[in-house]
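Take a look at these structures.
One chain, chain A, links the two complexes that follow: it is found with chain B in the first and with chain C in the second.
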Partner chain A sequence: MKRTVLFVLLSTASILGMLWFSSFGTISYSLGEIFEILIGKSSGTASSIYLNLRLPRLLVAFLIGSGLAVGGNGLQLTLKNPLADPYIIGISAGASFGAVLSLFLREVSRVDLNMNSLAFAFALFSSFLTYTISRRGGRIPITTLVLSGVIVSFLFNAAVTFLVVFAWRNVITLHFWSLGSLSGATWNDVFKLTPVIFAQYGIFAVVHRKMVIMAAGEEHAVTVGVRPELLKFLVFFTVSIVSAVAVSTAGLIGFVGLVIPHMIRLAFGADSKLNLPATALLGGLFLVICDTFARTLFQPTELPIGAVTALVGAPVFIFLLRSKEVAKDG
Partner chain B sequence: MVKFLAKEVSVLKRALTVVLIVLFAALSAAIDIVDDLGRLVTINEPPERVVVASPAITKYLEVLDLSSRIVGVTDWDPFALSNEVEKIGNLVPLNLEKIVSLSPDLVMISGGFQEAEVEKLENIGVNTYVMNPNSFEDIYRNLVVVGNIFGVPERGKASADDFREEVLAIAKDSHKLSQDEKPRVIYIMIAGEVSDIWTCGTGSFVNQAIAFAGGANVAAPYSGNNGWFPVSPEFVLNSQPEIILVPYYYEGGQEEAVNMIVSYKPFEDLPAVKNDRVYPLYDGLTAYANPNFVNLVKTLKEFFF
Partner chain C sequence: MVEPIQIEGLHFSYGKEEVLRGIDLHLKNGEVLGVLGPNGSGKSTLMSVICGIRKNWSGKISVMGDNLRDLSTKKLARIVSYIPQSFEPSFDLKVETIVSFGRNPHLKGLGNMTNEDYRIIEESMRLTEVYEFRDRPFSTLSGGEKQRVIIAKALAQEGKILLMDEFTTHLDPGHARRVGKIATDLVRAKGLSAIAIFHDINQAVEISDRLLFINNGRALASGKVWDIVTPEIISLVYGLKSRIMENPISGLPLVVFYD
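Up next is the complex of A and B:
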């Protein structure tokens, strides 16, 4: 009961909060003005800025944030590892390599491959690479996973640098790929992200119970009829798609998938029915807040959003790494 | 009755002719220009409000007396120091909201690392012209192009011709020199440590300026992105330059820039260091290929002879 109240509060706060955050920026709007724009009673430059730039950007931030948070949650449960996150275990680095490779092929070899599918292929490849490297006799020790993830990330980031230098591209382009930005998000991005994020949500909603059982231990899971390898593959596959689409839209954004699931587990518990919707909501809200900071802190100059999420997320990561649960296992 | 109708028809014909002429005039005011990314840009009428999203471009508008059309520049643009103009933030990523809020008729932007921003501007329907001058010839051509965009083609052509005249006068003078009379020159841009050197070879307009001013750039046989590439101190020692050019970034920074080179132990036996021929060069001259090129060539000429 208490949790339901908490969830209702959280969702109301998310929607109102997002409206409120959307009022800040290069041009500030009052909530009344936003309301008038949304019901179509307002026109002119200010309203077109809100509808064509601010609003799609806000939605893209929300979608990517919730997608990454839900994905991180899935990884943490199935790998039984509190530090799993698309960014930490190298999925995002693989995706960004795929995205840059598609740009490279288009410019240098005149081969036109779809950016999203190439990003996805390498996201999947890097996730299994990390998984294979870190696996020790059927289980994945926490620190080994983190180390393997770091190595895989290094590998793919180095490969990105190599491609960029090889193609005689300026290094600042590279900077975008290493710390993402939501600048320039359009309605097309919203339409591209929506089905992917919702599909992930749907799949994870179906297998959520199984993931929670997996988190209690693989041996235990087998005895109640869960097929661990199949489940892991499904989770890796889904998270890879989401990471690939997120990276090709906004570049690398780290730590969302790490911080949010932990906060939600503290508030709701891992096996609660509300865990998944709350993770999605808070993840989206978190990225919207980070993007608001990125847009407004030094305006009119914009910060890369990856820098903001890392600033918040890295301390949480350190805290988790020092916590008892991890210290015991590592 | 028939006669009366005939009159009506002739009036109608005349009216139609007038409409057609007006329509033709209106349509022909629009021009299509291919920009430096190969994009076809349509300019319906000379833009009144321009956002200059790269400090590399501002000088062209200033030279052509079009500064009053500028409504926004990036944070890094010296133009904002002496003019009342909105700042739009960084070059990458562009603050699109800020740009749209200035309701510009045209956004002018560089290529290279800003290429990815062009698509964003297109997506939100902002008319964008990409200008990526990289050589003396590009500067000449872009002066003409900017003149055409802003409906002052004669001014653009005249300014471009003056520019070419001035540069070629110096270049012709240098042309008389024999190979032995030309000093061996290297441009050294230091990124942090002296061991971390970037220099310019073929493809860079600074290399071109060195040649026009009568120097022999020791890095000229090589090239890189826009003509720029990193070299090791060994390369510098091996090429034994008689003149070293170093950029400085603010007034008063000259001494420090020269000192970095002179005090670097491995360089102490270089002819340039022994003969006190390490010259500070203002970064504003070498950062962008713009009409300041004339001053760059003149300054170099003074250093060399």
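Up next is the complex of A and C:
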């Protein structure tokens, strides 16, 4: 009952919060103005700026935040590890390498490979790389997974640096890939992200029960009819697609998939029916808030959004590392 | 009627280390077969092979007449329920959630639970007396309560065969007796067949219809308790001297060890 009330509050807060946060920026809007723009009663430069720049950016932030949070939650349950997240276990770094590689090939050798596909291929590769490195006799110790993720991330980030400097002879574009930004978000990005994020949500909604079973132990999962390898592959595959599309759109954004599932578990419980929708909503809202800070704190200069999420996420990571969930296993 | 489990010449290795070296085992209908053996003798490995956790074994295993290799993970889980020694979920899960895991192999389509599933879950929780704390987080329960929840899960699974791996070892004598009784009463009431691994030979004698001794990955002997519990076998299995007397209360063999 309490959880239902909490969920209704969260849903309302997400919608109102999105509208409210979209009012800040180099041009400020009142909520009334935003409402008029949205129902098509207003025209002019201010309204076209809102519809073509601010609104798609708002939606992209929500979609990416939502997708990363749901993906992180899926990784944490299936790997039985509260510290798993696409950024920490190196999936995002793999995706960013793939994305930069496609740009590099276009620039240097005029080979045109789809950025999202290449990002996906390397995201999937890095997820299995981290997984293989950290697996010890059928178990994945929590801290080993994190260390392997750090190493895989280092490897791919270094490779990105090499490619960028080699092709463009500067390090300015590196900022986008290493710390992320939503400043170039367009409606095309919204259309590209929407099906991917919704597909992940749908798949995870169907396998949520199995993911919770996996959280209670892989061997035990077999005895109630779950095939762990198949489920892990499905989760890696799905999270890799989402990370690839997110990274191609906005660069590396860390910690969303770590912080949000943890907060939702505290409020709703890992096994609640509301867990998944609440994770999606709070993840979206969280990134919208972070992006608002990134846009407005030092305007007109923008902060990279990854710096904002890390400022919130790193302390949470430290807290989790010292918490009882991890202490049992380390 | 087909025997629930027939195993012939089962071999299994972890890498180069051969853990099971040709085990034969027959589980008869409606019996509790107690499995005994020293640490590292292969008891738990045997059980994990039967419930599908370990795959690369060789030999012949048939479960309810079907070759184990031909059964999918899901189908096997509908026949065999498993009660592990201990159970530690990584996140806080409610008691009812854990019991509901037992319904997973029965779910169809997109995996939604039906009213029938909820009814079975509730009944399983009432039979094991965990219904009162169904909404509590599993991690806040005592050892005895936790094992009852796991029994409820196995019950909700509705398998005809129950595998129990030292499921009372971590409990004090009072709780061990109570949990053991709940499990065996359910086996009898529901007409199940069970294999139970024991640490304590006297507990095994009380609960089992038949005993099987394993040592070094081989089945040494099996039979009814009075036929098989002898100082010779015990010295062979555990390397200990012992005297067998009649338990004045139950009339069953009582083993006393000495050096």
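One rule holds in what follows: the second predicted complex is superposed on the first by the 328 of 330 C-alpha atoms of A that agree within 3 Å, B and C clash if a C-alpha of one lies under 4 Å from a C-alpha of the other, contacts with A are read in each partner's own complex, and residues count from 1 in each chain.
Just so we're on the same page, a residue touches a chain if its C-beta (ideal position, glycine included) is under 8 Å from a C-beta of that chain, and two chains touch if they have at least 3 such contacts.
It should be emphasised that the depicted structure is a prediction, and the values quoted were computed from it without experimental measurement.
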> Should A:Ile27 be classified as contacting the first partner (chain B), the second (chain C), both, or neither?
Replying inline: first
> Between chain B (first) and chain C (second), which, if any, makes contact with A:Thr132: first, second, both or neither?
Replying inline: neither
>> Contact-wise, after the overlay, does A:Ser181 reach chain B, chain C, both or neither (first, second, both, neither)?
In response: first
> Which partner does A:Thr45 reach: the first (chain B), the second (chain C), both, or neither?
Replying inline: first
>> Per the contact definition in the header, classify A:Leu53: touching chain B only (first), chain C only (second), both, or neither.
In response: first
> Of the partners chain B and chain C, which touch A:Glu302 in the superposed model: first, second, both, neither?
Replying inline: first
>> Under the stated touch criterion, which partner chain does A:Ser109 make contact with: chain B (first), chain C (second), both, or neither?
In response: neither
> Which residues form the common part of the chain A surface touched by chain B and by chain C?
Replying inline: none
>> Give the list of chain C residues in touch with chain A in this complex.
In response: 48, 51-53, 73-74, 76-78, 80-82, 84, 87-94, 97-98, 101-102, 104-105, 107, 110-111, 137, 153, 157
> Quick one: in the complex, what on chain A touches chain C?
Replying inline: 77, 80-82, 206-207, 209-210, 212-213, 215-217, 219-220, 222-227, 265, 269-271, 325, 328-329
> Across the complex, what residues on chain A touch chain B?
Replying inline: 25-27, 45-46, 48-49, 52-54, 168-173, 175-176, 181, 183-184, 186, 188, 295, 299-302, 304
>> Touching residues of chain B toward chain A in the complex: what are they?
In response: 75, 87-90, 92-98, 100-101, 103, 112-113, 115-117, 119-120, 123-124, 224-225
